[in-house]
Amino acid sequence: MSKPHDDAVSTQHSPAARGDVRDGKREEYVLTLSCPDKQGIVHAVSSYLFMTGCNIEDSQQFGDRDTGLFFMRVHFSADPGVTVDKLRASFSAVGDSFHMDWQVHPAGERMRVVLMVSRFGHCLNDLLFRSGSGALPVDIAAVVSNHTDFEGLAASYGVPFHHIPVTKGSEESKQEAEARLLRLIEEENVELVVLARYMQVLSDNLCKQLSGRIINIHHSFLPSFKGARPYHQAHARGVKLIGATAHYVTAELDEGPIIEQEVERVGHEATPQQLVAVGRDVECQALARAVKWHSEHRVLLNGHRTVVFA
Amino acid sequence: MSKPHDDAVSTQHSPAARGDVRDGKREEYVLTLSCPDKQGIVHAVSSYLFMTGCNIEDSQQFGDRDTGLFFMRVHFSADPGVTVDKLRASFSAVGDSFHMDWQVHPAGERMRVVLMVSRFGHCLNDLLFRSGSGALPVDIAAVVSNHTDFEGLAASYGVPFHHIPVTKGSEESKQEAEARLLRLIEEENVELVVLARYMQVLSDNLCKQLSGRIINIHHSFLPSFKGARPYHQAHARGVKLIGATAHYVTAELDEGPIIEQEVERVGHEATPQQLVAVGRDVECQALARAVKWHSEHRVLLNGHRTVVFA
Amino acid sequence: MSKPHDDAVSTQHSPAARGDVRDGKREEYVLTLSCPDKQGIVHAVSSYLFMTGCNIEDSQQFGDRDTGLFFMRVHFSADPGVTVDKLRASFSAVGDSFHMDWQVHPAGERMRVVLMVSRFGHCLNDLLFRSGSGALPVDIAAVVSNHTDFEGLAASYGVPFHHIPVTKGSEESKQEAEARLLRLIEEENVELVVLARYMQVLSDNLCKQLSGRIINIHHSFLPSFKGARPYHQAHARGVKLIGATAHYVTAELDEGPIIEQEVERVGHEATPQQLVAVGRDVECQALARAVKWHSEHRVLLNGHRTVVFA
Amino acid sequence: MSKPHDDAVSTQHSPAARGDVRDGKREEYVLTLSCPDKQGIVHAVSSYLFMTGCNIEDSQQFGDRDTGLFFMRVHFSADPGVTVDKLRASFSAVGDSFHMDWQVHPAGERMRVVLMVSRFGHCLNDLLFRSGSGALPVDIAAVVSNHTDFEGLAASYGVPFHHIPVTKGSEESKQEAEARLLRLIEEENVELVVLARYMQVLSDNLCKQLSGRIINIHHSFLPSFKGARPYHQAHARGVKLIGATAHYVTAELDEGPIIEQEVERVGHEATPQQLVAVGRDVECQALARAVKWHSEHRVLLNGHRTVVFA
């Protein structure tokens, strides 16, 4: 499928955002950090940037009085010739002095992701389109599924499809499947795994190995209705709003740090099937925002919660 | 306090809605019913109305395939001289033949309610104003509280205030308090008790006696965060939306049939106190809608759920 | 592309909804009507249904006191052997006596639609997926575009693509294009034309010919920001919410009866491009709902407004 | 009326927020600034704060590429003995060097406001309660009205009431009324005038004199439905969402910079009166947020738009 011509979708203000060096144009980078909160962090970071000739394009910060942690995300432009390696080298002094957990990435760099799906393809379709149209700054390395339903959809976007079946009840089959997934992630330099209505439960081991790198969409407004058939649970409880939750996957099912949630109003006449139908749109919205924010380094972990510099 | 002049708030289209007989004007009534679903109910009801010279102003119905129950609410006008007693007498044949649970009320009749509050008066204030301005078709017979904080607020609306303290840990004190409440309800012909952030837990006995006649506002989006300090629970879980739930009170705390829910978005920077502040508006909204709908006979019980003909 | 196995998406409760006669199963139909409001309409309709052995599955009505019009939508099941032709013949007496504007359709009958698009394919993609997955009860007869960008996308869904270019400034080219469109509509028995971000302005003549059969998505919250570049207009005005409006197309640009609207919150930091990006999701939501409701005969015209029995 | 005991409503984290010097406790301040964007602003401000021993509690900034303006709001704590006068003196060097428009205020300082109302008191009641309960950090110096309907309501909150009537059609009466208002504002050191459904149109002269210091709530979603009877206009257009807009008042009616907007969904069955009723809640919400943000120095003017550091 040819990509639609769509100038409108670039989220970067300047051409330099693409991360290529072009004739002395300024490069743009994103710095994210978290550290114990104390006096002088903003001063140290802004001084560093000022001294290295960088210009702040956008900056957000947050100090959490509960956890005593400080978080910051700075989008800045640098002089031509200032590479990401140089920045990483020169910032480390500041990073060390404040015991920061920090990263620098070229802004506009497209994160490599794998999308996983089982039987329902609405989120998959939504993410494929957003990526293809430039609205989502990710490179979809592959679509992985325990079924073959979406082989054609992936092909229509020129994305490699991997059928990794899982035999119900077979621990061996599950381990084999997870091993295949891990090999794919390694070979394709995948940075993020998106469970786009992928319904197999991942092993504790896999969750730990990919900690902070797996986003799942659970089709309920957590912490309500964890586990199976949440729309049926919601219907039984008679809630007036249903929702979906995009969260990082941890070993505890549906317990991971929440990135984004969305809800939609439903009336008494809605059957569970109709809740499923309404819920699809909500799932797409919540997941798409979460993946976008994560791929733009806007989500930082704050204990069991997230800080989202949207 | 003098009542503001506010023509705009009448929700009844015709003067006859007030339930008085005026010089041959048509009276308006509301019929609500629920029964096992079968063929012919709408036909029987509309035939009854047609034959008795009534005109349907508004009609809503719903058949629940799960429970096999049918629900209907009809707002109709009747010829002068057709009183509510006559209607109740003549409709009983239809009601019996379909084994209906049914009621007829004069439309616009103001339901008599008691508002109960503890320490936080935002919902109380909101309901007092709505009632006073004509936006809420209820007569507030009294404000009851286990504290005296809102005696002045009640007085400013000309509403009797009853301080019914409850000594913590004293079962006897609680029984005494509930007995006083029941006496008040009986003496004042109270039809609805609104727990407007009244924080004492009602006994099973009271819940059963007043079944279907007590509405509570729980400051969370049920079934998430039941019990105490829901905003602190919500903060700990890191949800991105907080909410409130108006529901009928049953013996199981926070488990009763939900009437209305509302949510509001919150960011990572919100402390529990800030969630409390945002939540106040959501609680007011959800509770006000629930009380309005109930007082207009728009809420019907459907097992553990509600049908709301809003 | 193979269709995903998706039991969950059927919005019809019973198998009979597909409109096929199966071994004496009850067929389901949808009756919609509008007429001058007067006493006895509901009685007449419900009597007709009762007498013909039909069972009401769902019924909604509305009497507009301003316009004096009455609207009704009844979803009912009929005895085997009662065909839509028989129903249309037998209901005409009721229809005539109340001067009704009425229609009967088999429930679950898939409406034939043409989707039109220019440069931005998000709505097109969304509708193609919903149709393909069974969430939207329409048969997409063709995709029509003044560009070729989405030829591949249409092909991936097995939908015929028609490139109907329009030369800017050429009245002749426009007339030619509209003639081709009308021929396609006729040949393909198209009942609804969806302008899914199709940006050419249709002639008054075409609007009249297809009156009530063209739905457009305008990328603003009407009546704000009519015409071109509404997101740039919204940005300039500094609104805090942007929206989209799905409406029937009339000769007056962006003035037709509104079917559905949706909004999304935006902050001061959003550039016009970012409003465009956020707006895409809102446009998809509003348009999808409007098309679904229209295809299920849930939208009735009430002067310049719509009645939506959702 | 005795103030309700409500610990929960303080939005200030530390006791020092009240702006009193207490036994060597750190004082808290809010700095707001806007200036032409250039390299080094954040560095200069954070260096200034660091050098003066101040600690940043919360900081937000925004650079608008369209207007080339930079905006910042910093909430910081200072060493005991550092007064607001000292801060204002020492910051001026930074302010001057960047040509800043800047202000420093003690955090938690309650802004002095006048509330103005005509016939509908829902917003007035809402703001009086929020102020009285501590949720809104304002001191209501007076309630002003061209009618007497709300004299009692004001009295119940212990707030002085000024009846300033305006004779329709009399320019002289209007000038007299505005003169009385200006005298009141001066005598009471009023910093903000809130038009809480005050329906008299203010003169250009008054708008200019109080530029940036008058917030109005218009009962529509601007720029839709300016002027009179917006709910009736909305009803006629058949919109599916109605709204309200809180904005700064300028000489052009309903054209001033928007601070906050809110919407609510409405169905086809809603009469104009019902839109008015639904709209009241939306007006209260939008106005309360706008007044809160303004009183906390969170709203900065950006040409015809606002930057809101909520």
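Just so it is clear, A, B, C and D label the chains in written order, and each chain counts residues from 1 on its own.
The working rule: contacts are C-beta pairs under 8 Å (C-beta built on N, C-alpha and C of every residue); 3 or more make two chains touch, one makes a residue touch a chain.
Predicted model, so just to flag it, every value in this text is computed and none were measured.
Farthest chain from subunit A (centres taken as the mean of C-alpha atoms): B. Homomeric contact subunit A/subunit C is classed as same-residue, with over half of its interface positions used by both copies. Mean C-alpha positions place subunit C and subunit D at a centre distance of 43 Å.
Centre-to-centre separation of subunit A and subunit D, using mean CA positions: 37 Å. In subunit D, the residues that reach two or more other chains under the touch definition are 13, 58, 62, 65, 269, 271.
Residues of subunit B that touch subunit D in their complex: 1-2, 4-6, 8-11, 13, 58, 119-122, 125-126, 129, 133, 135, 147-153, 155-156, 269, 271, 273-274, 276-277, 280-281, 285, 288.
Contact residues of subunit B toward subunit A in the complex are 62, 64-66, 221-225, 236-241, 243, 257-258, 260-263, 267-269, 271, 302, 304-308. Listing the residues of subunit A that touch subunit D in their complex gives 13, 39-40, 42-43, 46-47, 49-50, 55-63, 65, 265.
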